Amino acid sequence: MKGALRPAAAAEMIPDGASLLIGGFMAVGTPERLIDALVARGAKDLTVIANDAAMPGRGIGKLVTARAVSRVVASHIGLNPELQKLMIAGEIEVELVPQGTLVERIRAGGVGLGGVLTPTGLGTEVEQGKQKVEVGGRTFLVEEPITADFALLAAYQADYVGNLCYSLTAHNFNPTMALAGRTVIAEPASIVPVGVIPPDAVKTPGVLVDHLIVRAA
Amino acid sequence: MKGALRPAAAAEMIPDGASLLIGGFMAVGTPERLIDALVARGAKDLTVIANDAAMPGRGIGKLVTARAVSRVVASHIGLNPELQKLMIAGEIEVELVPQGTLVERIRAGGVGLGGVLTPTGLGTEVEQGKQKVEVGGRTFLVEEPITADFALLAAYQADYVGNLCYSLTAHNFNPTMALAGRTVIAEPASIVPVGVIPPDAVKTPGVLVDHLIVRAA
Amino acid sequence: MDAKELIARRVAHEIRPGMLVNLGIGLPSMVANYVPAELGVFFQAENGVIGLGARPPEGMEDENLTDAGGGFVSAVPGAASIDSAMSFGLIRGGHLDMTVLGGLEIDEAGQLANWKVPGKMVPGMGGAMDLVTGAARVIVAMQHAARGASKIVPRCTLPLTSLRRIDLVVTELAVIEPTEEGLVLREHAPGVSVEDIRAATAASLIVPAEIAEMQLA
Amino acid sequence: MDAKELIARRVAHEIRPGMLVNLGIGLPSMVANYVPAELGVFFQAENGVIGLGARPPEGMEDENLTDAGGGFVSAVPGAASIDSAMSFGLIRGGHLDMTVLGGLEIDEAGQLANWKVPGKMVPGMGGAMDLVTGAARVIVAMQHAARGASKIVPRCTLPLTSLRRIDLVVTELAVIEPTEEGLVLREHAPGVSVEDIRAATAASLIVPAEIAEMQLA
């Protein structure tokens, strides 16, 4: 059984300089209260690994505006002009990764695979500096696994074992990131007693989750 | 919308010599009626890719007893002494694959990855003849992707779009195999009207499923 | 009819019953408006949910049900939630029947550039590299020119999205099919002559004896 | 107390609150009988479901809820269904806190052979190679000798399961810890002397000044 933390207590656990996997797609399925708490505590020098940088005022956009981030690994930052400016000015380092490759790199990190063999990016800028492997007569890029100090997830429902369910397009990167954070913190919209969630409805088993965030007041 | 086939009609679609991914773990989560129909139509020379060979009288064991199989790719055949004898006699070819590698090879085939980079099997008989790749200073085996002509799945519930739900330990290889069969045939315990299964409960989206088998009489 | 509507209506004509189709943000997403519901087409956005439907009535939006641009959508009966790993598993694995994407440049090899203008616009590739690499059929829906300059060029000057030759280009002037021999002009828009198209196109076009007029859905 | 019960009770003593533990078929599965429910330990079998419980009362079995040997089990409150890809993702990814496996041979390098006796018994490795390679802690629970021959040998003669040094060996005579220096004798069974253990062991043992008596759960 896991107790539930207030967002501020969780933000205290995350030191400056930490690497964070953050769930969400254009801020849908992003743990907003955890992000607000990180901004409130004045976090600095974070590495954020996420599908995208959302937009100013939402999700990861709030971390960018607060200058809490020094490095972003994402597939898309097109709706965050602030981050684009900071990137061009050299103030935030950005690594762009094809979306399908990004989620597989995180999965590989989480499930103990040595990397991803993908055709995506072959013959493009993405292949620069990367190893290639031939399998069955076809060539694939070797993309390295990703893990991080923390995974910060949004979920629809949790129980106090830490089992998580997600809703509709708010799944996105969350179930995969749950495997790849050394410490996993989930912010569920609701928390129910143990035994209430049917085993077949669980998308992330509680054994992967270290801390839950209390429900919103 | 997909109509539902009788098992015999499905077995007619599967030619002798076909390769089959068959779901199940010691026959739990195996499409028994499809297998019975294959045995009834006298199928021959099948390649069966599955976690295990079950036991005589159940699941894949029935195909072995009927001599419908010429090749098995599996992680475990220990509870099927009949297959072990046929293997040692050279009548059925058996490729043994570590269970975690087997499911990832099928996943790789299904999701368009070039193979699997795994530490499992390094330094053992499993590595014989296989390419190795170094990533981040560690060595991994390159295991090739698997696809097959057909995937034969057991499911708990389906709708007529082909969406599938599975139950408890009857999930096992079924959701992964759904990605890797060129033709996917699912045998659900029940079929409900479209719209009845909540989107969040679907484990295999119907777009992957080509045919459903009618419910048992 | 404005250029975008014309393009969307022509692309809609490419869609066959029961297909799984991914529509990019912007112009491509307009295609859904011209696909009859009775075709049983499933629309997918890369952020999740197979079976996206129209924007719901005001007040009935769900913050967890959006398209890849973050806009509110609904779910059709038979919809299925998928996470990003499954979403790109379907895309990379060839399970997606068609993707419709915007373009910055298409060249005589049929290769697409659509994710970066070095030094000017670096939004990131998002899902585009996986979509172009993995979808069974790739259609580029774009205006023929940008700021007076043809977007159909002898050789892409912008960074490529994939080495893969795309399958069809639809603009407000023409339908062009990239082939091994080069760009073949297949159709002209109503009231547009072959000479108009040649004049607006920087790339060489192969012009067969018969050029049909565009059919609009 | 028979040898198997003694071994199972000693292994049970290794289990800490809240662990995720995988128990192999046979002797290892007996360990669960000696782990108090209040420890909040989750048992997993590689076929799926985290949170396996005891065999249900007769007539209340579920054909879709079995252990890796196909035996009927129940699910504890907070259980979660997982498919084989997730099951081995947890195993290979280091999320499994402990696995308890049987053994055919353990050698002075601490390496295990437990899946094949060439020409005699080729059941397949099942999940063993992934478990030994990936689990945070690997415990081998086996009888000290088979048919009078020590199973603890200078160098494995049977095919290895993994290059990884296992963490602890528990037999009915002793607890032995493989280390970089060799096999260290840590505990003796009640009424068994160090000389008895040496006499029954083909491998060299490092024998510290203090050898504790086994603690049984």
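Every chain is named by a letter (A, B, C and D) in the order it is written, and numbering of its residues begins at 1.
Heads up, the rule we're going with is that a contact is a pair of C-beta atoms (placed from the backbone, for glycine too) under 8 Å apart; a residue touches a chain by one contact, two chains touch by 3 or more.
Only a predicted model underlies this, so the values are computations on that prediction, with no experimental measurement involved.
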The chains touching both subunit B and subunit C are A
Rounded to the nearest Å, the gap separating the Cα centres of subunit B and subunit D is 29
Taking each chain's centre as the mean of its CA atoms, subunit C sits from subunit D at a distance in Å of 55
Whole-Å distance, C-alpha centre of subunit A to that of subunit B, is 32
Multi-chain contacts in subunit A, i.e. residues touching at least two other chains, fall at 104, 107, 112-113, 118-119, 156, 166-168, 199-200
Where subunit C touches two or more other chains at once, the residues are 49, 75, 81-82, 88, 91-92, 134
Contact graph of the chains (line, ring, star, complete, other): other
Each pair of chains that touches is included here, namely A-B, A-C, A-D, B-C, B-D
Subunit A contacts subunit B in the complex at 104, 108, 112-119, 131, 133, 135-136, 138, 140, 142, 144-145, 156, 165-168, 199-201
In the complex, subunit C touches subunit A at residues 45-49, 62-70, 75, 81-85, 87-88, 91-92, 116, 122-130, 133-134, 159-163
Seen from subunit A, its contact residues with subunit D in the complex are 1, 107, 110-113, 159-161, 163, 179, 194-195, 199-200, 202, 205-208
The answer for subunit A against subunit C in the complex is residues 25-29, 51-52, 55, 74-79, 84, 87-88, 96, 98-101, 103-104, 107, 118-126, 156, 166-176, 203
Per the touch rule, the subunit D residues reaching subunit A in their complex are 20, 40, 42, 49-51, 75, 77-82, 86, 88-95, 134
